[in-house]
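Next up, some structures in structure tokens.
Both complexes shown next keep subunit A, but they swap its partner, so subunit B is in the first and subunit C is in the second.
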Partner chain A sequence: MYAYDELDRTIINERVEEFRDQVKRRLSGELTEDEFKMLRLQNGVYLQLHAYMFRVAIPYGTLSSEQLRRLAHVARKYDRGYGHFTTRQNIQFNWIKLAELPDALADLAEVGIHAMQTSGNNTRNVTSDQWAGVAPGEIEDPRIWSELLRQYTTLHPEFSFLPRKFKFAITASDHDRAAIKVHDIGLRLYKNEAGETGFEVLVGGGLGRTPFIGKTIKPFVHGHDLLSYVEAILRVYNQYGRRDNIYKARIKILVHELGIEKFAREVEEEWLQMRDSALAIDDSVIKDIRSRFTYPVYQKLPHMPDELKQAAHDPHFEAWRRNSVAPHKAPGYAIVTLSLKPVGGPPGDATADQMDAIADLADRYSFGEIRVGHEQNLALPHVARRDLPALWKALDRIGVATPNVNLVSDIIACPGLDYCSLANARSIPIAQELTRRFADHDTASLIGRLHINISGCINACGHHHVGHIGILGVEKNGEEFYQITIGGRADENAEVGTLIGPAVPYGDVADVIEDIVEAYLALRARPDELFVDTVKRLGVEPFKERVYATR
Partner chain B sequence: MTSPLQQKIKITGPSVITANRTWDGIVIWRTTAKGWSADLSDAAIVRTADEARALLTESIADDVGAIGAYIAPVDLRDAGAIKPGNLREHIRSAGVTIDLPVPV
Partner chain C sequence: MPLVKGGKITTDPLVHVADDAELPGEGAILISATRFLGDAEALSWRAGELGVVWPNNRDLDDLVPHLGRLAAVALVFPSFRDGRAYSQARLLRERHGYRGELRATGQVLRDQFVFMLRAGFDAFEVRKEADAEAFAATVKRYSVFYQPTGDGRITALHRRMQLRHSESAGQ
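Now for the complex of A and B:
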């Protein structure tokens, strides 16, 4: 956990009072909606179909049990008793009243939570690997650098009125769980051949209307140059990024239009002017940030304790353990993913009661820490393996132990037309139906790793472009239709999926997905060839034939 | 963004003006009494572009009471009862099409 200092606490508290005054002036008519809109967006407040939506930041996906309890409190007191974890390590409340928002923000501020960087044309919540700091083989904890960027970019005047929103993601593992290649700036922490630690910097990735995979702009940037280098990128973007056309305003369009080489030259020129300025990071800065992260003191524990041996006789426990428990850097410990994808449930939703229960379990079994992943699941990052059987029983009781992590029913979905004012079609009911179709654990295990991502509109909050199977809702003559792509992926080998053919109506989507999965099972070269690898090997044609031959 | 009043108004059937109430965000409809109601059956019906523009102008003028006013189609074929004219408006009127995680 990172402990905010006095400066952070002051900023957060002052922000609450500032917003309280803005809301008061809005409700009295002193501020018009045109004047107020940008102010509310800067505090995470959107207007959706039924109500205001309040988006709260969970920087780099790390929460304390105290913070999770406070989110539960906000859900219960100001909303309808639940929250929705998003694809960018935020949580959204869907039914909040504007008049009560300042109080909700104040309650959150008491535990160091805020809504800055969750909306608007500024740098957004810096995201990272939900297993940061505990994943085996990680170079170092990427949250140190995430926090550096969070501090530097928060309220930075030059980054507060960018042409469009701007998203960072950071990983320090070989396997990218942070989807860095589909962010405006992706940072991969690694050791170079000389043994020095630094960043591969990618730029211009993004989804939405025009998806692009990020390109490497600089293969290695030392940590002490990180701020100056990303500032150089942002300055070039700020200077050349288009403000006349919202659809062409993201940095990915600028990088695409200039070409990565020219864009890189512009950045390099800018960077050389400021590289040795005050932006060069002193080791003491990093040391200070590192010192404010607290890490558990792990005990020496056996890898295979008696409790685990005994529980292995229970097939339900074993199914969960094999699916949801991952290796930890500390012997005798594990990372446990909590599935927020119950069969028939809305992906990523958690009730206030579940949040409170998870906070209690985090205190008991995970040093009071919880993580939020972009796949819309939670994780307990420091669980002693001897505690796994007891933890499983407790998680199962509250409905977050569905053994479907990374399987076909672990679906990423945006809120879609049930909530979102931008959506053209519903996402959640499609996801719910698919989880029912693939509810059988043995079948899902046979299928293996398969990510289905669903977006209710082209803005792609559900990351459909990079789903192994992507589903995009569109509207045709007042009816919901869905375009299907296959072969996308969001990891270190990120790719944008390929459209298989004409959009299909709402009622056919689940059947089509079943057809695609059945085709995969028939076509895969061997049982461990993943769906995306089969698509890579064969292309979309066999799947297209299967889907459209009889439609 | 272009104001709704600056956009060309074209309606193809009976329509209403809908918005969200400023203080709490709930869905509301403009009434014939120059007020707002949370019940669609209270909505004022317009049938021509000129009527729609007039009602929209009046609605937008109430910036304190409502935000985001726009013209929405309705269906009157069920014995004159006012029903939402498309799926989006149906969802705004009737609520989400799924069971909420915590029943209201």
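Now for the complex of A and C:
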């Protein structure tokens, strides 16, 4: 956990007071809606179909139990008793009242949470691996650097009015859980041959209307140079990114139009003029940030305690353990994923009561720490393996122990037309129907790892392009239709999926997905050939034939 | 439109001269980049201070050779959402060592003042009277800053370092 100091607290308190004044000026008419819009967006406030929506940042996906309890409090006091975890380590509240927002922000500020820059054309919440600091084999904790970037990007005087939004993601593991290749800047931490910590820097990834996989702009940027290099990228983008067309304003379009080589040269030229500026990070700064992260003191515990041996006789426990429990860097401990994808439920939602209960369980079993992943699930990062049976029972009681993590019903979905003013089609009911179709755990296990991603419009908040199966809602003559892509992925081998054919109507989507999955089961070379690998090997044709033969 | 300079509302000493208007024989003027570059030689002999309005999509390289004889550079915010002039301002101050007046023009609103000051602006053509009047109070909104810029404000990172040093010195 990172502990805010007085300076961090001062900034967010000053931000709350500034926003309180802005809301007051809006309510009195002193600010026009046009003027206020950007200011509220920069504080995470959208105007949606039914009400204001409020998006709160969970930097690099780390929460303390106290912070989670405060999110529950906000859900209860200012909203309708629940929140929605997003694909970018944020939480959204859908029914907030404008006049109450400053108070909600003040309540959150007390525990070091804010909503700064969770929307608007500025740098957004810096995201990272939800297993940061606990994953076996990780090079070092990427959150140190995430926090450095969080501070650097917060209220940046030069880059608060960029051509368009700008997202960072960082990973320090071989397996990329942070989807860095679909971010404006993706950072892969590694050590070079001299043993120095630095980053492979990727730029220009992003989804939306024109999906691109990020390209490597520089294979190694030393940790000391991270901020100056990032500033050079942002400065080139701020000056040359397109502002004439909102759909062409992301950095991915600039990188695409200039070509990565030319863009890289522009950045290099800018960077060489400032790499030795005040942005150079010396080791004492890194040490200071690191010193404010606290880590649990792990006990020496057995890998296979008696509690676990006994519980292994319970098939329900075993199903959950095999699915939701991952290895931890410390012997005797585990990382536990909490599925927010119950059968028939909206993906990523948690009630205030669930949040409170999870906070209590985190105190009891996970050193008071909770993580949020881009797959819209939560995790308890430091659970002693002997506690797994007891924890499972408690999680099951509150409905967050569905053993479907990474399986076909672990669906990523945006809020869609049920909430969002941009959407063309509903996402949540499609997800709910699919979770019912694939509710049988044995079938889902047989299918294996399969990510379904659903977006209710081309803006792609549900990351449909990089779902193994992607579902995109479109509108045709006033009706909801859905385009289906397959073969996408968001990890270290990120790829944009391929369209299998014409869009299908709302009522057919679940049948089509079942057809695709059945085709996969028939086509896969071995039981452990994953869906994406079968698509990679065979292409989309056999799936297309199966889906459209009878339609 | 009120001008804020030195933290106060003040009378604009620069006469804004349109491209098709005749230049006054003397006195301080503010003219467009096009007019300035079109006649830089003749203008250099003119008595009176000279300010230039520099568009936010024009390369600063064309301006830099002339900085030494300019009393003011006005950078433009066609809309407050268009942040290109923040980069231009920092480059003029921090890379090219420009010390004359750096003026923000266009849609300049209260909620940008702190960013603008940090980027190096020291004069503001403010859109609304009420915002101009609120200048002094508004710029005190923030007391902690995360990023180093050329405005000399000490960053949070360095304050922490200083604090650590003084703590360890006291032990």
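One rule holds in what follows: the second predicted complex is superposed on the first by the 551 of 551 C-alpha atoms of A that agree within 3 Å, B and C clash if a C-alpha of one lies under 4 Å from a C-alpha of the other, contacts with A are read in each partner's own complex, and residues count from 1 in each chain.
Following the convention adopted for this analysis, a contact is a pair of C-beta atoms (placed from the backbone, for glycine too) under 8 Å apart; a residue touches a chain by one contact, two chains touch by 3 or more.
Quick caveat, the model's predicted, so the values are computed rather than measured.
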{"item": "Partner chain in contact with A:82 - subunit B first, subunit C second, else both or neither", "value": "first"}
{"item": "First (subunit B), second (subunit C), both or neither touched by A:239", "value": "second"}
{"item": "Contacts of A:402 with subunit B and subunit C, given as first, second, both or neither", "value": "neither"}
{"item": "First (subunit B), second (subunit C), both or neither touched by A:38", "value": "second"}
{"item": "Subunit B versus subunit C as contact partner of A:171, first or second or both or neither", "value": "neither"}
{"item": "Which of subunit B and subunit C A:429 touches, first, second, both or neither", "value": "first"}
{"item": "Which superposed partner A:346 touches (first subunit B, second subunit C, both, neither)", "value": "first"}
{"item": "Which of subunit B and subunit C A:14 touches, first, second, both or neither", "value": "second"}
{"item": "Of subunit A, residues touching subunit C in the complex", "value": "5, 7-8, 10-11, 14, 17-18, 22, 30, 35, 38-39, 121, 151-152, 154-162, 235, 238-239, 243, 273-274, 277-279, 284-285, 288"}
{"item": "Contact set on subunit A toward subunit B in their complex", "value": "26-29, 32-33, 47-52, 80-82, 96-99, 345-346, 349-352, 417-419, 426, 428-429, 432, 478, 480"}
{"item": "Residue ranges of subunit C in contact with subunit A within the complex", "value": "80-84, 86-88, 90, 95, 109, 111, 114-116, 118-119, 130, 141-149, 155-157, 159-161, 164"}
{"item": "Residue ranges of subunit B touching subunit A (in the complex, touch as defined)", "value": "20, 22-27, 63-64, 67-68, 86-88, 91-92, 95-98, 100-102, 104"}
